[in-house]
Each structure stands twice: as C-alpha cells, then as structure tokens.
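Note that the chains take the letters A, B, C and D in the order they are written out, and that residue 1 is the start of every chain.
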Amino acid sequence: MTEFEHQIRVGWGDCDPARIVYTGRVPAFALESIEAWWEHHTGGGWFHMELDRNIGTPFVSIAMTMRSPITPRHRLICRVWPTKLGETSIGFHVEGFQNGVLCFEGDFVCVFVAVDQFKKTRPPEEIRTLVLSKIRPAR
Amino acid sequence: MTEFEHQIRVGWGDCDPARIVYTGRVPAFALESIEAWWEHHTGGGWFHMELDRNIGTPFVSIAMTMRSPITPRHRLICRVWPTKLGETSIGFHVEGFQNGVLCFEGDFVCVFVAVDQFKKTRPPEEIRTLVLSKIRPAR
Amino acid sequence: MTEFEHQIRVGWGDCDPARIVYTGRVPAFALESIEAWWEHHTGGGWFHMELDRNIGTPFVSIAMTMRSPITPRHRLICRVWPTKLGETSIGFHVEGFQNGVLCFEGDFVCVFVAVDQFKKTRPPEEIRTLVLSKIRPAR
Amino acid sequence: MTEFEHQIRVGWGDCDPARIVYTGRVPAFALESIEAWWEHHTGGGWFHMELDRNIGTPFVSIAMTMRSPITPRHRLICRVWPTKLGETSIGFHVEGFQNGVLCFEGDFVCVFVAVDQFKKTRPPEEIRTLVLSKIRPAR
C-alpha cells in the first residue's frame, strides 16, 4: 500500500537568509499536506468540510523533527497518512522529502468538531471508514 | 498635524536569501498598518469591524513603489493616512521608514461593504467624520 | 500565442474570516507566478538565478486591481507574461483566474541587478532574447 | 524571577474562516518570540547573530500543544525561557497567553552552528553564561 503524496513548490519567498526554508514555514507545509489529504480523499479541503459539511478538525498538537534543510532546488514531496482514530480525534503522520532525502517528519493530532457548536463530536461513519482503511503506524 | 504611525518588528523569517525582506511580505506590512490605523481610531481592527459592526472594507486596488530594502536592523515605522473618501470608498496612503529612510510607499483603495449582504454601502456617519478629519493628500 | 500559466492550490490557511483569500496573500501569489515564469523558461527560479547565475530581479513597483474574491473552491490559474524590457528593467503582467473568472490583475516592474555588487545591470543576451520573444501588451 | 515576554499584535490576516488564528501561523508566533528573546538578551535577533556573529541556531524539533483559540481580540503575550543547555544545543519553552488564558505552549530544541561551516559548534562563553542564568524547567 502506498500512502498519499502532496507536492509543494518551494520558492524564494519561503527561504530565509541562511538560504534554506525558514523553520516557521515548515509546519504550514505539513498542515497544507494534511489538508490536501482530506481534499484528495473526500472531495474537498477544510473549507469544504467546514462550510459545506459542518465538520471542523482543529489541531491540538504538533510534534516535528527537522532532519535536513529544505531548499527551492527540488519539489517537496509530503507523504501523509492517518496513524490513529479515536472517538473524536485523529492522528496524522507527515514526512517531507526532497530528492529522496527526508527533510522533516511530524505527528499531528486533531479533534473533530461540529462547527456550528464548536464542540467535539464523532465524525460521520463514512469518514471513520475512510480513515480506518488508510491507517497505519507512523513508522 | 502628525499622522498615525504603526511600528513593525522585522524578523529573520521576513527576509529572503538576498538578506532583505521578501517583496511578497511588503504589501502585507502595509495592510497591517492600515488595519492598525482603524484599530487606533475606532477601537478595533478589521475583526471587530466585520464581526461586531457589520462593516467590511475589502481592497480594490494596491499600488506600491519600493524605495529601499527593508532589513531586521531597524523597526519599520509605517505612516498611514486617508487620502480620499467617496460615497462608498476610501483611499489610504502608507509610507514605510527604517532609520529615517523611506523604504516603500503605496496607495490603497477599499470599498465599504455591509458584511451580511456583501454589498457596497455608505459607511456610518461617525466613520465619515473621523476619516474627513484625518484626510490629506498623499504628498 | 498562449501565455504561461501557473496553478496555485488555494487553501484554508490563505483565507480570512470573510471566507475569501486575505488580500495580503494576493501579491505573494502574483510574485510566485512570476517566479514560476522564470523557472519554466530558464530552468530555475529566483534561488537559481541569484545563487548560480548572479542575477537578481528585485521589484520596484507593484500595481494590482482586485476583481473578484478568491476562495479554495477552485485552483487559481495565474497567467504571466512580460510586457516590456528596458536596458536594466522588465515589466510583467499577471492575471489570476478561478473557474474562468478574473480575480485579480497586476503590473510589476523589476530591475536586473548583479547580485555580487547589488547594482543595476543589463541582463545576459539569452535572457533579452527570451523576454523579447514573449513580450506583448498587458491587454 | 520573571521570564521574558514578547507581545504580538494578532490581525485579521492571521485568522482563518473559523475566525481564529490559523494553526499554521502559531509555530511562527512561537519562533518570533524566541527570536525576540535573543534580541532582548544579546542586542540582536537571528539576522544579527548569523551575519555579524557567525552564530546560527537552526531548529531540530518543535512540540506544541494548542490549549485555546487565538483571536485578534487581545494581544498575544508570549513568555519564553531556556529550559536546557547542552554542549551544542539549547531548549526553549514558550507559552502564549491572551487575556490571561493559556492559548498554546511548546518546547523547541535548536543547535548552535558556525554559520560559515554549517557545522555544530559550542556557543561563545558569554552566551552559555547568559543562558545558564535564565534556565529553568518548562513547568
């Protein structure tokens, strides 16, 4: 089974004077990749989920390790998969590669909320089914 | 009469590999300064205006000239004032200085909208009065 | 002749509480599109041009008109082409479309600099030739 | 002993359509606060440290917990202090508050590098002394 991959074009404006991507941008790359995972698997990203389906998935934790600098020399390939599913929470693992080299990896936990109540909720059954079909350990 | 000044702390993450602020950040600095102008004069920025007062001010045009590179060596001092007031529109001029040197200047036009209708509207009388009291030419 | 198109994935994080892309992000989209134009036509973006070829192209002016709100509902398709070439300067026009609707258009002027001297310079002949082959009026 | 505080003006453009700060911005707030810690204690932020003093402090890990949503209603007050000092590494703890409420907390590890060699190095003695004088547990 191969996991979902999201490609990011790293640009000049993502880099800092050390000529590598500014660390403050890297969590945003990971989040964009998780949003792309949702979009690929459910037909829409967070905008669609929130506005059309009343499903929010705010983050409760972020844990990342930086392995190698990111530059504009190569596209950044982010692999994303769910690692766990609780009653009202979901965990994702993200790994970012450039030219075959692991640049960062991270684990993220989100909760499912009913947007109109901003209250934790159990996700719809089809989302549970989808996530369970893709789940595997971080490594 | 002295115009409103908004101070921005320029950081490492705002800079690109040329060791100056990335141009793509500069319009955002100008917009932040205009929001700070509203906050200073009306008690709240765009969040307050939109959510509490039903007043939106979306931008219709941006025109900026870059005069000198911006770096983290100094705070960026942004001077902001309104330059014109139409029935449903407002113009702002912004100038950004570091260490007494003009780094950029720009002119911005916004329209007033009733947020719940996303429709152009005349602003409240007290906003007209405020803006008219501060208006002066760009230079 | 068809112009270069650059596609941008608009995400949740690009939007503000008005549920449209924050205006402060739009100039950065246009700049990313101009960088993508360089990358497509010369084999590398600004990072490559600056570090490997000693060619910088800092912006001296930005003029943009916002035509229609941008949302995550569609990819943003940015059309880019050069509109003029001076001895040491270049003009670009960028138009952003979503679902066939013009969202913004803008004109941008950059100067060519020799990076090691941070001094205006005439661009290499092959860049002049490339740009002249693509040049056409803004509209 | 009171720790260093850095104040951030949260704006409209930092928020997403859920009307709270976009999670992808929060790590950047924490990093800005760590940079402000260096600036306050050594006379310059990362730009000064890298360019003038040949000291880089790239991040190797980020671990954050989101406690409460951040909005533009209040300034964000970030408390920062060092939690450990190794031979070539340093740990920081950051806590962000709005209106007395803890919004996020995080732990960050950086390594010291000699910029001209991009190689791990022991920091200068005065930096060791400074850090040791401020060190205390995360909580």
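Note that in this section a contact is a pair of C-beta atoms (placed from the backbone, for glycine too) under 8 Å apart; a residue touches a chain by one contact, two chains touch by 3 or more.
All of these numbers come straight from a predicted model, not from anything done at the bench.
Shared residue numbers account for over half of those found at the interface formed by chain B and chain C, and the copies are therefore classed as meeting with the same residues.
Relative to chain A, the chain whose mean Cα position lies farthest away is B. Comparing the chain pairs A-D and A-B, the larger number of C-beta pairs in contact belongs to A-D.
One inter-chain figure worth recording: chain A and chain C are separated by 28 Å, centre to centre, where each centre is the mean of the chain's CA atoms. Between chain A and chain D, the centres computed from C-alpha atoms are 23 Å apart.
If you average the Cα atoms of chain A and of chain B, the two centres end up 33 Å apart.
Listed for chain D are residues 12-13, 15, 17-19, 24-25, 28, 31-32, 47, 50-51, each touching two or more other chains. Chain D contributes residues 9, 11-13, 15, 19, 28, 31-32, 35-36, 45-48, 50-51, 71-73 to its touches with chain B in the complex. Those residues of chain A lying in contact with chain D across their complex are 17-18, 23-28, 31-32, 47, 50-51, 56, 58-66, 69, 115.
Taken together, the chain D residues at the contact with chain C in this complex read 12-13, 15-19, 22, 24-25.
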